[in-house]
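The two complexes that follow have chain A in common; it is paired with chain B in the first and with chain C in the second.
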Partner chain A sequence: MPQNADHVLDHFDLFRQPEYREMLANKKKNFENPVAEAELQRVVEWTKTPEYREKNFAREALTVNPAKACQPLGAVFAAVGFEGTVPFVHGSQGCVAYYRSHFSRHFKEPSSCVSSSMTEDAAVFGGLNNMVDGLANTYNLYKPKMISVSTTCMAEVIGDDLNAFIKTAKSKGSVPEAYDVPFAHTPAFVGSHITGYDNVLKGVFEHFWGGKAGTVEKLQRVPNETINFIGGFDPYTVGNLREIKRIFDLMGVEYTMIADNSDVWDTPTDGTFRMFDGGTTIDEMNAAVHAKATISMQEYCTEKTLNYIKSEWDQETVSFNHPISVQATDKFLMEISRITGKPVPDQLKLERGRLVDALADSSAHIHGKKFAIYGDPDLCIGLAEFLMECGGEPTHILATNGGKAWEAKVQAMLDANQFGANCHVYPLRDLWHMRSLLFTEPVDFLIGNTYGKYLERDTGTPLIRIGFPIFDRHHHHRYPVWGYQGGLNVLVWILDRIFEEIDRNTIVPAHSDFSYDIIR
Partner chain B sequence: MSSVSATVQDVFNEPACPKNAAKSEKERKKGCTKQLQPGGAAGGCAFDGAKIALQPITDVAHLVHGPIACEGNSWDNRGAYSSGSTLYRTGFTTDINETDVVFGGEKRLYKSIKEIIEKYNPPSVFVYQTCVPAMIGDDIDAVCKAATKKFGKPIVPVNSPGFVGPKNLGNKLAGEALLAHVIGTEEPDFTTPYDVNIIGEYNLAGEMWQVEPLLKEIGFRILSCISGDAKYHEVARAHRARATMMVCSKAMINITRKLEDLYGIPYFEGSFYGIGDMSDSIRQLAQLVIDRGAPPEFMDRAEAVIAREEKRAWERMAEYTPRLKGKKVLLITGGVKSWSVVAALQEVGLEIVGTSVKKSTKEDKERIKELMGDDAHAFDDMSPREMYKMLKDARADIMLSGGRSQFIALKASMPWLDINQERHHAYAGYEGMVDLVKEIDKALYNPIWEQVRMPAPWQNASDTWQAKADAAAAKEAAELAADPAKAEEKRRSKKICKCKTVDLGTIEDAIRANALTTVAQVTEITHAGGGCTSCRGTIDGILADLGVGEIETDPVKLEEKRRATKICNCKSIDRGAIEDAIRANGLTTVAEVTAATQAGGGCTSCCDSIDDILAELVAPAEAAPVAIAAE
Partner chain C sequence: MSLSAPETIEEIKQRNKELIAEVLEAYPEKSKKNRAKHLNQFNEGKTDCSVKSNIKSVPGVMTIRGCAYAGSKGVVWGPIKDMIHISHGPVGCGQYSWASRRNYYIGTTGVDTFVTMQFTSDFQEKDIVFGGDKKLAKIMDEIMELFPLNHGVTVQSECPIGLIGDDIEAVSKQKSREYGGKTIVPVRCEGFRGVSQSLGHHIANDSIRDWVFDKMEGKPATFEQTPYDVAIIGDYNIGGDAWSSRILLEEMGLRVIAQWSGDGSIAELEATPKAKLNVLHCYRSMNYISRHMEEKFGVPWVEYNFFGPSKIAESLRTIASHFDDKIKEGAERVIAKYAALSDAVIEKYRPRLHGRKVMLFVGGLRPRHVIGAYEDLGMEVVGTGYEFGHNDDYQRTTHYVKDGTLIYDDVTGFEFEKFVEKIQPDLVGSGIKEKYVFQKMGVPFRQMHSWDYSGPYHGYDGFAIFARDMDMAINSPIWGLTKAPF
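Showing the complex of A and B:
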């Protein structure tokens, strides 16, 4: 056998050895009761047909390869955006391990988060003791400035009352009475990670502005000239929030970044471990109530939060759908300009001109190409707008966590654009649906997260990685996709893939390399 | 006189070039391209010209003798495609260093050739001379000669160091190298009456491959294509072809003409761009081989393919024509493309609102004039501001140009499509025309142009640079209108001869002071027109405007002059000859005129003019002389 103690082969090579190939083939033949190869191929081909697609789309119960994550994940994403804050997840610790690994794999950073470690007895008798002990331990071990409590399904199913539990824990001395412990119920069986983000954010606003669960007076709003900015659940949060700060600084806008997790997910390697870094401070959160307006970059990540701010506090709220295109970025800047009265500075005018220049230089390569997009609702809209601005057709737009309202909004966007004519929006669908779409109505490129690589393998549609999570490519989250600079990055990523595809199609010596050019 | 300068002089003395033939001995020695202006932005050098002309020969090792600069910047930089060997894409250079500069680089060159032969064994090595070894006196001819002897393979020196002149000269020097060392050195295994050369075709973006199958189907054998997708042995056998088609009018005229002089191979200049041009080129090529002994039925084969392909192309383009009809195009290119593309675009209903003639020959310009009817829309150079004005005034919808003008166009908010060498779509032949139309359609309807032209949302409409430019232009116009003296000064300050920096006022003064009547006299006195000679037509116009030279009151001379107007530039046939032929033989169709006079038998772009002449003679009541005088 090729595998022996003197020379151990790893997975890349081991199963490619002839002995293994033979063994696997024999195993299949003699012990796996395989169907005939022709039959296998027939079924494989059948899964590519419109007939199969119809059956696939008739699925009622099963979700296959979902393009969404759970509420608690979004909850943690929001919670780490506050200064010195430990996200405390009331529920089973296994869930929490997922969030941490998920974020670590995407951001290539440690991701601190604790759980109340509920076990079977807690599920029977309630998780109060876990909350009481957990808060005390967290407070003493990590000395956080704030503990943000969210939940997992386990706590939600048995109906644990966070408000009551936290009050009890405080009365039992787990943390000081005046210590900030905002909370939000975030069951995974409702909504998705963007809902969890929304819930935690709303919980934090309610906590600080609305009298800390009835323990202090509500704040008195005295409007001033600052604005609040919320990024939403954003895979590019590190690059994006820094870019937004740069833009606001250039404009001379006074602002508060809400849930600013750009530093905690990009800590330097200089010999100091930072469990916490950056983030929105408690003072900033308190002062944010006086802001002139709150801006959300992602409408569907902040529906409840903005509604709370607007209806309870009569503060203006403005939301966008993950602006990437020139026009969407124009609109964003003009709104900021309108609200703050600050003109768009020369530097940004130059950057706009440069982006338009870059688009004009290269958009011919995107023009007329068909794209399938999946991801979070706002990202899908931002990308579709950007593609149509370049003459690309967002043929399939799919969001597992997009609802009716989102569907209507996307449809209206497609209807209003000549490049949207043959495009369709698919709310509440998954990546197995996308598979059928890619087979029956093929496109030139697929835009989505890392999981899209299986679709790329199955359907041969080249994948452009934009979304969450991106596990198999590094550091893209450090680059902005917002602002004109961000638009430039998205353009480059799309173009890179297009050119790689041209090269891939022309790279075989004496077969296709007649067109293998150095200039593209 | 060294051999390089002798060759350069020989190249300058190109009898097949009408412009050159019109020059005095002294002028001819100065060369045929615009003098380079120190401090001005310049195009490529002679080395580059030679390299790009020969690099498409695919199985040859192209060895650049010089420091890294020359090959480093030119390595594999053109999309000339190969159907076989990819050796031409490998960058070979001697990469000479300081020691070589001091002690000479010949040994290094010899060793480099040796290593290429040992490691790659190509049929030939082309050695390109560059500035540094030329200046230190490396004799590449001697090295190549020694290497040829030693290795038993043709090692070809291409003596075109950058400093001898511009790119166009390099093209020709490359041609000389082929003539001196390659063409005629081998014999084909067999010949046929249908063997042809295609010269000046580089197979950019694989264009030749869109034309080749049709030529083959008709029955032509392309003995040699210089130099697109060429093999060394094919080039060496070019002298046995029956006819030559010359594709790019300026670059390789010397090879074409010398093939005629030395081997009696007739040629014509044609184009593969545009459906009409493509068909005409096939016909002419067929006619040339028939003239040399191929059976006349051969033309039927050609016509059959033409008819089929034209029909197919038109059918496929029909869906675009409604979308393109009436769209206005500004063409910024050079040379042969300026007219061949004009014809092509007009075929699909596009309107040409302007074209540049920067690199075009006088013939090219004439053809443009014939095609577009009005040379007021032909520009030598265009500044971004002029381009913008063009866009605004003429409301051009798109600009077609080479890659370098692209960026100027974009800054001027002008939609743009690449039609020069760095493009990646093949536009030649019938298939190529469909592709070009498809690409123009795509470019015209690309939403990015809307974005490019739309002011930023914060933009105050009166504050754009376009508005400022308009305001400045309007202000200037108003000032000039208010101050006749200043207007006159401005008018007189217009630069007429760019080579010799002579303005309109100087020329007018000279004409008045010395009672000049001919362009030659003006050149004598002012030097205007003594450089590249491209302004001579303008000077002629100035003479006419001043009421000297052109204005002729004697009806006999007037008639003489009218009859002397050149109608067919290819075959050099004037109006008088055509009219006489029509009257004498009672001709009624263009084809008959062509048969009788040869006029229209070249690029065919004058067929419309011949048609007009026929119309005039059939209906003489029309006030034809007035129209001619205006012309």
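Showing the complex of A and C:
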């Protein structure tokens, strides 16, 4: 009997004990109808071949291990960034349980969100009653300042009309007539989570600026000196938005953070649960129309939103691609400086110098190493730029939710950089494609989210966890990857893994430990 | 630790009554009436818990429930390891449920085993408009080519499938014929069906009946049968639960021919009608197929509970009572063998946990099943409720709970928070969505779906881990830090 009260064996160790190993071997042999070992090994090896890769890349219908989620997830990500706001998802209730779990597993924080809990009768008759009752319940129970409505695929397939439904709910007294209920249709079968983020954000702008679905006058824009800032669907939203605020404060920029979810996903443990914390206020949203410009850190998260702001309101819009590298951050700061007329202060110049100093100290360990990167379109670009700045060589860049325009942009970036010469771009591909790439064109390191650990297991490529979701490492989302300080964090994460690998590869006594150096 | 705890049972009952009334006051009239039926307390002598259950959730309240797809793909079918389970529809459902339930298994993932993978048809607008049957057929071809060692396929329907009128049954039949009779199971578990995960369990059970058992009819057993063959039903092997259960059954002389469905295989499902007895852990999710096997194949079934030494011993004896003296002696031998371990665990942890109060809110089994394990450690469950239990679950609960236990069915975020605030338990056991809410409030918490990434909790080996985990939650020094000294 292996278990012991004084030294409790966890699953890691318990099931490796001989009793269990024998039990499981017998289970397999006697009852599982297992594949013969030789055949299994033959297929294992076959999946590593170029021939398999060719078949794998010929897939037209099946998706295996995608690196994207659906629109409604992004909808909730955006909605919780507004002060006192409950995201209200119109459709089946199971979806909301999934979004809440997903965010809680990444941020290790509560994620509040409600559903209109549509069931079969709503599938037949439409979900109007669910909207009417649901808005009333949310309003009374949670006393939110705003309810942000988005949809699941169920409501989209049956064609529920949010605008009409919300108007009816208001006329039935679910919430006061003047109460803010911005909405966006976010079908799960179009785009990905970044599309949902974009749609909800656009919906909120349209609501506040564009006359609240025809119920009030549109705002009149009187340009002022402030800027609006949008982070996009960002795994590091907590650390990043705080870092950006620090940078803007240092510069003396007047700014409005749009959809600022950095506080609601980082509340203290002090005896009080805060369902709401921080966030962009309604007054700030109204005032944001007067801003001189709107800055988006993620082009592909905000395409429709920026287009609305630019075309309908003649506000300048500027977008970046998740800037991490020194030059990307330089460009970001210079753009902010150009728009606001505020110089980049010496403090930031100092921070820049420190990051360059760190790169100079360490880039030898990155230089010439090959990397595979996957993730959201903007993050892929930001990471690739950073690696190339250190002399690293991106080799595979893959985004399941990246399209043709993204592919062209990434290709242009690679073409312009000697370190990008041997890299290929893979839009609309998944992590099973990546598996074939890693077997047939191996790299030194893989950068991606938690699911990359399966690729590490199968292909032996060490994983550096940067992306969304990260479930199996804690608290990285509290660190920024933006600004020069953010670049430093990314550098350290990459270096830590590189050094761990060198140590792991040199640890055998009297065999390889001559290189098990104390100084690196 | 509990502040201003009511002393007598009358005081507790009065407090519960007032608390329920207070909570209901926050609702608009219609929802107040509805929710009132789901909140109550257990009164000694009653045959159920005096709450309504398994009815639609109120919209807009933050129910903790999931959907039928979660019940089928996430619970019943997903752990069957040598089959490929297609999340059929848009990408999200499969993505959010990808590998998060910790259904442990042994196998070469991606080659002969597929549990922690996300296979999806990733529906696009054109699939909604023109239907997804052709895509599904093509997906099956691609699966057969790229994953040739699979032992079958299931189609786990997401919401749009039932709404756009796809005929996944026809595709499945045709492809099964094309691939030499391979098991291909269409499952109509669209998320809008029913009111929770529960209908998904039922639908998944029925699909095994219709698409696995019916095919097997009249075929001889593919394994050598013995008089001691049993199947474990309703154990999903979360953190290895089914393994730390199986070892006890085998040690008492039984032969476990199948696991449903944690670390299970299609061969095991097919073998089960030949069992002498089905032993059922999660009644809620697999009573349907157990009843079917009893009616159709004459396999009796018995419920058991492997949480905590008291219930384990009781269950081992109950299971043994279906067999001869050899097995009965075997049960006693197993109980005796592990007594030293259980005693040592209790001796170590009971003094640290005695008298501590627990509030639970879990799925369809654990709100009652884990109570005995807490009581073995001297702890007391003062409130419990089911996410998707039915009335027969609340009936069974009466055998576990004490007079005056607060009962909350399909609790809303608002209610749960208020209840915990008022009752001030020493521990809350619920899910990931609830975990951080209560920890922020300074209340120790353990996830009772995923075991907080620990486990197993089943069996004697699991009980040691359970006791250790509850102790480290409740007696963590961090709970003394939640108030700043300034």
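The rule is short, and it goes like this: the second predicted complex is superposed on the first by the 505 of 520 C-alpha atoms of A that agree within 3 Å, B and C clash if a C-alpha of one lies under 4 Å from a C-alpha of the other, contacts with A are read in each partner's own complex, and residues count from 1 in each chain.
Rule of thumb we're sticking to: contacts are C-beta pairs under 8 Å (C-beta built on N, C-alpha and C of every residue); 3 or more make two chains touch, one makes a residue touch a chain.
The structure displayed is predicted, hence computed values, not measured ones.
Quick one: on chain A, after the overlay, do chain B and chain C clash, or do they fit? Just give me the call.
They fit: once the shared chain is superposed, the two partners occupy separate space.
Looking at chain A, does chain B or chain C touch a larger number of its residues?
Partner touching more chain A residues in the overlay: C.
Applying the touch criterion given at the start, work out whether A:His11 contacts chain B, chain C, both or neither, answering first, second, both or neither.
After superposition on chain A, A:His11 lies in contact with chain C alone.
Would you sort A:Cys70 into first (chain B), second (chain C), both or neither based on which partner it touches?
Touch status of A:Cys70: second partner only.
Taking the superposition as given, does A:Asn56 touch the first partner, chain B, the second, chain C, both, or neither?
second
Once the shared chain is lined up, is A:Met334 touching chain B (first), chain C (second), both, or neither of them?
first
Based on the superposed arrangement, let me know which partner A:Ser515 touches: chain B (first), chain C (second), both, or neither?
The first partner, chain B, only.
Touch test for A:Glu225: chain B only (first), chain C only (second), both, or neither?
Touch partners of A:Glu225: none, neither chain B nor chain C.
Applying the document's definition of touch, where does A:Ala188 land relative to chain B and chain C: first, second, both, or neither?
second
What does the superposition give for the shortest Cα distance from chain B to chain C, in Å?
Superposition on chain A places chain B and chain C at a least C-alpha distance of 33 Å.
Touching chain B and also chain C: which chain A residues?
The overlap between the chain B and chain C interfaces on chain A is empty, containing no residue.
Tell me, which parts of chain C touch chain A in their complex?
Residues 26-28, 30-31, 56-70, 82, 89-93, 95-100, 104, 106, 108-112, 116-125, 127-128, 135-136, 138-139, 142-143, 145-146, 148-149, 151, 158-160, 162-164, 191-195, 197, 222-223, 239-240, 243-244, 246-247, 250, 256-259, 263, 265-268, 271, 337-338, 341, 344-345, 347-348, 412-414, 417, 431-433, 435-442, 454-456, 460-461, 464-465, 468, 478, 482-484.
Residue numbers of chain B touching chain A in their complex, please.
Contact set of chain B toward chain A: 76-77, 79, 81-83, 86, 206, 406-407, 410-411, 416, 422, 424, 442-443, 445-449, 451-452, 456-458.
Would you mind writing out the residues of chain A in touch with chain B in their complex?
326-327, 330-331, 333-334, 337, 343-344, 349, 352-353, 356-357, 359-361, 363-364, 367-368, 388-391, 418-419, 509-510, 513-515, 517-520
If we count contacts the way the header does, which residues on chain A are in touch with chain C in the complex?
Interface residues on the chain A side: 1-6, 8-11, 14-15, 19-20, 23-24, 27-28, 30-35, 39-40, 43-44, 47, 52, 55-56, 59-66, 68-70, 72-73, 88, 91-95, 97-102, 104-105, 108-120, 122-123, 130-131, 133-138, 140-142, 152-154, 157-158, 187-190, 192, 267-274, 432, 435, 451, 454, 457-458, 471.
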